[in-house]
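By written order: A, B and C. Residues from 1 in each chain.
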Amino acid sequence: MASNPFAHIVTQCSGPPSASDYAIDRALRMIVKGAAAVILLLVAYIIFELGRQALPAMLNFGPGFLIGTEWNVQDQVFGILPEIWGTLYSSLLALFLGGLFGVAIAIFLTQDFLDHRLSNVFRTIVEMLAAIPSVVYGLWGIYVLIPLIRPAAEWLHDSFGWLPLFGTDLAGPGMAPAALVLAVMILPTVAAISVDAFRRVPYKVKEAAYGMGTTRWEAILKVMLPTASSGILAALVLGFGRALGETMALAMLIGNSNQISLSLFAPANTLASLLASSFPEAGPVEVQALMFAALALLAITLIVNVVGLWVMKAATRKFEGKA
Amino acid sequence: MNATAEAGLIESTLLERNRNMDTNRETQMDTDRDDHQSRTSTPDSITAAAAWHVDPQQTVMDCRLNKIFYGDFLAVRDSLVPIEKNKITGFIGPSGCGKSTVLRSLNRMNDLIPVFRFEGTVTYHGQDIYDKSIDPVLVRRYIGMVFQQPNPFSMSIYDNVAFGLRLNRFKGDMNERVEKALRSAALWNEVKDKLKNSGLSLSGGQQQRLCIARAVATEPDVLLMDEPCSALDPIATRQVEELMLELKENYTVALVTHNMQQATRVADTTAFFSVDISEGGRTGYLVEMGDTQQIFADPREKLTREYIAGEFS
Amino acid sequence: MTRVASEALLEQDLASMKPLQGSLLEGRSLKSRIYTGITWGLAILASLPLFSVLYMLIAKGGARINWETLTALPPAAFEFGGGIGPAIVGTAIMVGIGSAISIPIGILAAIYLAEVAPHSKLAETARFLAKVLTGFPSILAGVFVYAVLVVSMKTYSAWAGGIALAVLMLPTIILTAEETLKQVPQKMKDAAYGMGCTRAQVVAAVTLPTGLPGVITGVLLAVAGAAGESAPLLFTALFSTYYVNGLEGLGQPTASLSILIYNFSGMPYDNQIELAWAASLVLVLIILVFNILARVLGRQKF
């Protein structure tokens, strides 16, 4: 630091910051900047490393990897179309259910259906749903959910077996229990972001609706829901992103079967559960293939999450009058 | 690596400095042109300010505020504001006239606002505090500030007052200095038995006096007070005003007030700012400055007269 | 509260107007009632899984909770008895490693984002990437650390598991800490700057102490989340049937509650399945304790 140009001013105790004060200040700025840079380096390193590891498989199997349907370690033939299908199918099913329930709960919590205490109870329930670990849901799925839905699945298959949706029997693990658990797991995400979306709707909008003589539900469906729609869309997209990457519960419930089926009761597989179940015992070539699969999963979730964040930003701006 | 690290090390200081370098350069180039422009556009402002002459020996701060910007918004222009030693200089004017902006420019508090840009000079003891070699932190060590809203730290009353002393590595008797500061803020009797309580536990008026005690504990050279009484009731206001009158024995005070009576009660010198909305913006500028008595009894400018008449009638 | 009351009044009014308004309003309020009923139904239905899970944890897991279960080594396939001791310790150690790495970096990065240069390019980018990383599939953290560490160290280890957890904890800590540090009132910071504090002094004297409760809340939530993670541990820490053996043990495969649950859930032996439930109960209790602590601390507002 330059010498103190105010040194000649006579004061009781004001003085310049000491050299060590300045040194600490500079050090802190440098350290916190470094810490912020860590997240950039981390993301770059993750993408670089997964790309590097997947490169041999990319050269080896080419784009055919993405549309191949076979995963055969013996013949070293690898393709992940069934996993891409299973990932998207299970996530879409979960999104449909979890989205419906999540938005309903958000309406329930924000549109004055409950007094203060009851709404706290439901809020706690939703938060606890989010706190239960994935493996515990998996365990619950195996020993509670699958036995529970099997009779219904049998009946549906027997009565409506001609529909592709119910085309197979539920032998045990399968798409339906996996999607159900996945729905429970993304429900808190959808609910929480939707609650925020409803909260952002200015009170005067609601007042205006009531002022026009609407009933509560007309106000909700015709005014609140459309006004909060972009925030809810963000909730759904981010919930979808969660579902795509969810691993353990699916690895335990989906059956890890390498096939493409529309049937809700057929076993299937997802990218994440393929990684979970195959990685520990994989040989070198299979690991390369799995790295390629991991890169595909990274690409899909990154795109979905970036879109979700982008929608959310647009939704937040809407009420700040910047858009 | 070394170079980047070093660049990172002083990134934000550098930013500030670059900004100031630019400003300085612009200022030097602009000075002449500026004067012409301002004379033609608002003949009364600069001449009025120039009409207020003070003995340079008695001036602590000589503020030449050519332009103060927030982003593209020109907040204040063309104002010459001398601050005299051991006097209270009051800033008055309608809301939005930039009087708080001017005050906050005097110890570089505005540097914390990223879009803030200053053109001009603030000469303090012969040194321009906006010079690129000057660290704003250093300026604030000598020029203290009391804010509009009471803002004690969430720590004990004692620690609030001792904060600045510790910051300046005060070596003497801390208890004595804390007591002295609290006494001079007329707060000692109310808090002497609960110095360990949180500063936030006090009432609004007490909090503001605590903030004043905190500001005077280090005995800064100049004290800037930004509407210090706006959150206070009449009794607390009177206490703070009495305090200001005592403070000027040892300090120089610059006071922004929205209360004209307050200015007449405490200020020795008064600066009247107004808003120029002629060019579509809302730019504040100094209309007239002088002895408080003269400003209120016999203002030179029509604007001042109208404003004062409006306020008092 | 008053809003609820006024709406109730409004509905009563509407109800009392029925005879005047005739069928139009009748149809509308019937529809309203059906929708309300459906909403209640959906909310209750959505709560059922939680109660079912909790019931199973207490009924199945609670029955098996005893000293042996909490401390003994996991049983081999046909063995009876045994416990989850190494898994509890392993989870604690790996969450500890993850915390030791992610908490300091996360809080420091949050200081940069909230206080030092909130609008800089670096801060904008870091904030965005942290948000993206919160939606990052946890298994990919495992794959990444496997590729970087397990391959080069040639062994699964507690280190690798802990680092994988750190990758997942970091964004949560950064974002929650930034959020609370930003809420520290500007006027308090102004007071410190006005006294001639350097930025570091403002952070140390005002920003951090004032925002601390919120920062701790975020940290506790991140810890709770990490404790429940299993996918990132699958092929970084793997599993072990023994206790972590000293510092050197950290360089070897390490047990964790979540992987124990995963491994035992698929075994055709009642003993193992009971232990999986017991481990689930312990895991959920640990997570709940951290969640409750986070809530209690989060309630302290400045």
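A few points about this structure:
The working rule: a contact is a pair of C-beta atoms (placed from the backbone, for glycine too) under 8 Å apart; a residue touches a chain by one contact, two chains touch by 3 or more.
What you are looking at is a predicted structure, and each value in this text was computed from that prediction instead of being measured.
When every chain is reduced to the mean of its CA atoms, the largest separation from subunit C belongs to B.
Among the chains in view, C has its Cα centre nearest the centre of the complete protein Cα set. Contact analysis places A-C first among chain pairs (by count of C-beta pairs in contact).
Per-chain CA centroids place subunit A at a distance of 51 Å from subunit B.
In this assembly, the C-alpha centroid of subunit B lies 47 Å from the C-alpha centroid of subunit C. Averaged Cα coordinates give subunit A a centre that lies 14 Å from the centre of subunit C. Counting only residues that touch two or more partner chains, subunit C has 116-117, 196, 198-199, 201.
Touching of two or more other chains is recorded for residues 11-12, 137-138, 141-142, 218 of subunit B. Those residues of subunit A in touch with two or more other chains are numbered 14, 17, 29, 33-34. Remark: subunit B residues 5, 8-12, 124-125, 127, 133-135, 137-138, 141-142, 165, 168-170, 172, 177, 218-221 touch subunit A in the complex. By the touch criterion stated above, subunit B contacts subunit C in their complex at residues 11-12, 107, 109, 112, 114, 137-142, 144-145, 147, 149, 151-155, 163-164, 167, 211, 214-215, 218.
The residues of subunit A lying in touch with subunit B in their complex are 1-2, 4-6, 8-9, 11-18, 26, 29-30, 33-34.
Per the touch definition, subunit C reaches subunit B in the complex via residues 116-117, 119-120, 185, 187-188, 190-199, 201, 205-206, 209-210, 302. Across the complex, subunit A is touched by residues 1, 3-4, 7, 10-11, 14, 28-29, 31-32, 35-36, 38-40, 42-43, 45-47, 49-50, 52-53, 56-57, 60, 104-106, 108-109, 111-113, 116-117, 122-123, 125-126, 128-133, 135-140, 142-144, 146-148, 167, 170-171, 174, 196, 198-201, 203, 224, 227-231, 234-235, 238, 258, 261-262, 265-266, 273, 276-277, 280, 283-284, 287-288, 291 of subunit C.
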